[in-house]
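Two complexes come next, and they have one chain in common, chain A, joined by chain B in the first and chain C in the second.
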Partner chain A sequence: MLVLLFIIFGGLAIGCAINVVAQRNPLYCAISLIGVFMSLACLYLMLAAPFIAAVQIIVYAGAIMVLVVFVIMLLNVDEEERRNIRMGLLVPAAVILAAALIGEVAFVLWSVSPNPTLQPSDVGLTNSIGSALFTSYLLPFEITSILLLMAIVGAMTLARRTEVLPPGARVVPGAQLLAVSDLDPSASHDVQTPIKSDSSAEAAQILGIVDRDQSKRD
Partner chain B sequence: MEPQLSWYLALSALLFTIGVVGVIIKRNVIAMFMCIELMLNAVNLTFVAFASFFQDVTGQLFVFIVMTVAAAEAAVGLGIIIAIFRNRESLDVDDASILKL
Partner chain C sequence: MEQILDIILRFVAITVVFTVVLLIVAYTVLAERRILGLIQGRLGPNRVGYGGVLQPFADLLKFILKEDIVPDKSTRFIYFLAPVIATMAALMTMIVYPFGPEVTLPFVGWTIPLVVAHFDVGLLYVLGVTSVGVYGIALAGWSSNNKYSLMGGLRSSAQMISYELALGLSLIGPIMLAGSLDLTKIVDMQSRFHGAGWLILLTPLSFIVYLIAAIAETNRVPFDLPEAETELVAGFHTEYSAMKFALFFLAEYINMFTVSMLATTLFLGGWNVPFAEDIFGRGTILFALVSVIGFLVKIIFFLFLYIWIRGTLPRFRFDQLMNFGWKFLLPLALLNIFITATLIFFKPDLGW
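Up next, the complex of A and B:
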């Protein structure tokens, strides 16, 4: 029974994975990848890891793939065009190397002994994972939270649209673009002249605005 | 007969290889990204299989952390993809070759 389930879900995973690589439309790739995630979640259930199976569905199929599909829809990605690449001698070389690799892996997998058997245990339950995560593995857990925070900040920085400038403005790398009203609140607020400078003080000098903090310090 | 540990390892190796092939032959950044996710999942399957067969919870904790890293990678990677698309109007990796000598 378990063998049959393994064959079904393993075959489904491999078929969907091949479809991910073979499809040209990224949206079809994404949907096949969701199939891979689902069948892997079923395999995790067979391996007595219900928590990991649930997290697989929620995080991968739920969160990450929604993000990917969202980006695909947002960018309106077109299909990859077919292109001809000269292979020549690469094809027989690839076949020979792949055969050698498959032979090695098969030898290792079939010759390793003893083969452990799956016994009933409470290793995969949420209880044991949670108690281990918050006792002996607390430091990796906290580091992961810092990593997520960094990812949030990085994603916001990368995807931020910085062009709220007038169409004629020229942006120089390393320079800062400021409006007059940012430097001098007493100036009229509809003045939007963009200027180039590396610092606010330099911008004020260019615009002829007296830097009040500077003069106070002097 | 029950599924053996080696079956899971073979399946995982196969999935990982398919992911590697995808990263190599794909031209679209998003498709390459999805193939990387496929490779991460193949490794996760290995971890869970070992954790279950040797009854050690550490493997499943590692899977949990790998999933977190994958989520962070998805957020940052898709941000980079959006930035590339904004600059070049294309998602073809061959177009983004400005660092090539």
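Up next, the complex of A and C:
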């Protein structure tokens, strides 16, 4: 029974993992990766580590991959074009790494003999993880939380840059919020009167704003 | 042999639970339409069967018979996958909720716990499976290749990620008091004081935060921005028709049911009916029956609350939604953890 389940979920994990690499559409890759995480969670469950299984699903499948899918959807990445990647050094590197992996697996299979006196362990249980985190590993735990806090603060400072604009800032429809003086110091348009225009290009012309992206493209 | 029997029994139990849940969900839809009619001063559907009792089946028949239209430029595989994910994630959480006490069958003397699967980290399982449900909506919005759908999908992902935090933190209160992630243990812990030791009395703040975050998680009014029909046609399921639309519809109502079930289990004592055990005695069939009915009544109360809120409140704006979630609910949930911890520290006998 357990062997059957192991074969099912192990096979699913391997199949999904191959699919992650083989697919060209990034969204299909992401979905396959979710499949890998799910099957891994099922394997953890079979190893009597329900807490790790649940956290695997909540953190990886439920949070991180949602963000990945979110980004793929927002950027609207199309299928990767088929192109000739210069293999060069990559081929021998891949061969060496594959050989190392196979050797490792062979070593594990050779050195580990089926042990009839398996001790039931409580490694994956909520209780043991909780008590370990708050006693023997308290310092690393706290340091990690400070690290995460720093990451949050960093993300916020990066995202809130628009706050430092001067009060004379203008909004061009469809463009980023920028001050006139930032873009073109020589433009002496008076900042009080509102501009009337039908399109963003026209408004930019009146304000004397040069579309830098446009000039880069030309 | 015994193992096979056990597996068969579990499948039977799952089938029974799913059938009952789907029936209740079908009638929730009818109840919603009738109650909304009452609130808005009209009748609602009352023509099919007596007072409209056959309306859900008429609707189902209509969904099956409608033409299934697939948009030309959709991403086929994901387009078909999305409603399946949404419904499956909604249904899968059903199995861990204990819906009654242990019951001893007369004559044969078997003791059966009234729960499909006893899971050591049941609460985390529920959270995990619900968080996977986001994909159904997000992928549906993306694969339809329609701007309104995409907007709906993105709004929904952002909203669900934001409110999942407040939801998760609001659950810490009951977890700390019960000292377990096991839903069965959490319910058992509330059987103290003749079945009236409900956790809502100890952590009312966490109940309020949970209730609000749960409405947002299920994309219901006033948090129904992903499918705001005045702005986005129908949001993520604009391009879905016939049975595929029905699956999304079903998923939304099953989610309502699941969320009500979790609220009942964690805060309103699960199947505990005050003083029922003193009257009927533990383990008797009558006691089990009263408990199951009590459980259902509590869930139906929450479902009614949902419909009531839908009938009376307007929709949030998106920035209001984000401000409310991050700047109000999240700090409130954190404050609640602090209060509960202080409470347990000074009165340790409150908890487990």
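Basically, the second predicted complex is superposed on the first by the 121 of 218 C-alpha atoms of A that agree within 3 Å, B and C clash if a C-alpha of one lies under 4 Å from a C-alpha of the other, contacts with A are read in each partner's own complex, and residues count from 1 in each chain.
Keep this in mind: contacts are C-beta pairs under 8 Å (C-beta built on N, C-alpha and C of every residue); 3 or more make two chains touch, one makes a residue touch a chain.
What you see is a predicted model; the values in this text were computed from it and never measured.
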Touching partner for A:73 - first (chain B), second (chain C), both, neither: second
More chain A residues in contact - chain B or chain C: B
Chain B versus chain C as contact partner of A:57, first or second or both or neither: second
Doubly contacted chain A residues - partners chain C and chain B: 51, 55, 63, 67, 74
Residue ranges of chain C in contact with chain A within the complex: 3, 75, 77-78, 81, 119-121, 124-125, 127-129, 131-132, 134-135, 138-139, 141-142, 150, 153-154, 157-158, 161, 164, 181
Footprint of chain C on chain A - complex, ascending: 1, 25, 27-28, 31, 34, 41, 50-51, 53-55, 57-58, 61-63, 66-67, 69-70, 73-74, 125-126
Chain A contact footprint on chain B (complex, rising order): 1-11, 13-15, 18-19, 21-22, 25-28, 30-31, 33-35, 37-38, 41, 44-45, 48-49, 51-58, 60-61, 63-65, 67-76, 78-83, 85-86, 91-92
Chain B-facing residues of chain A, complex: 2-3, 6, 10, 13-14, 17-18, 20-21, 26, 29-30, 33, 36-37, 40, 43-44, 46-49, 51-52, 55-56, 59-60, 63-64, 67-68, 71-72, 74-75, 77, 80, 83, 105-106, 109-110, 112, 115-119, 121, 123-124, 128-129, 132-133, 137, 140-141, 144, 147-148, 150-152, 154-159, 161
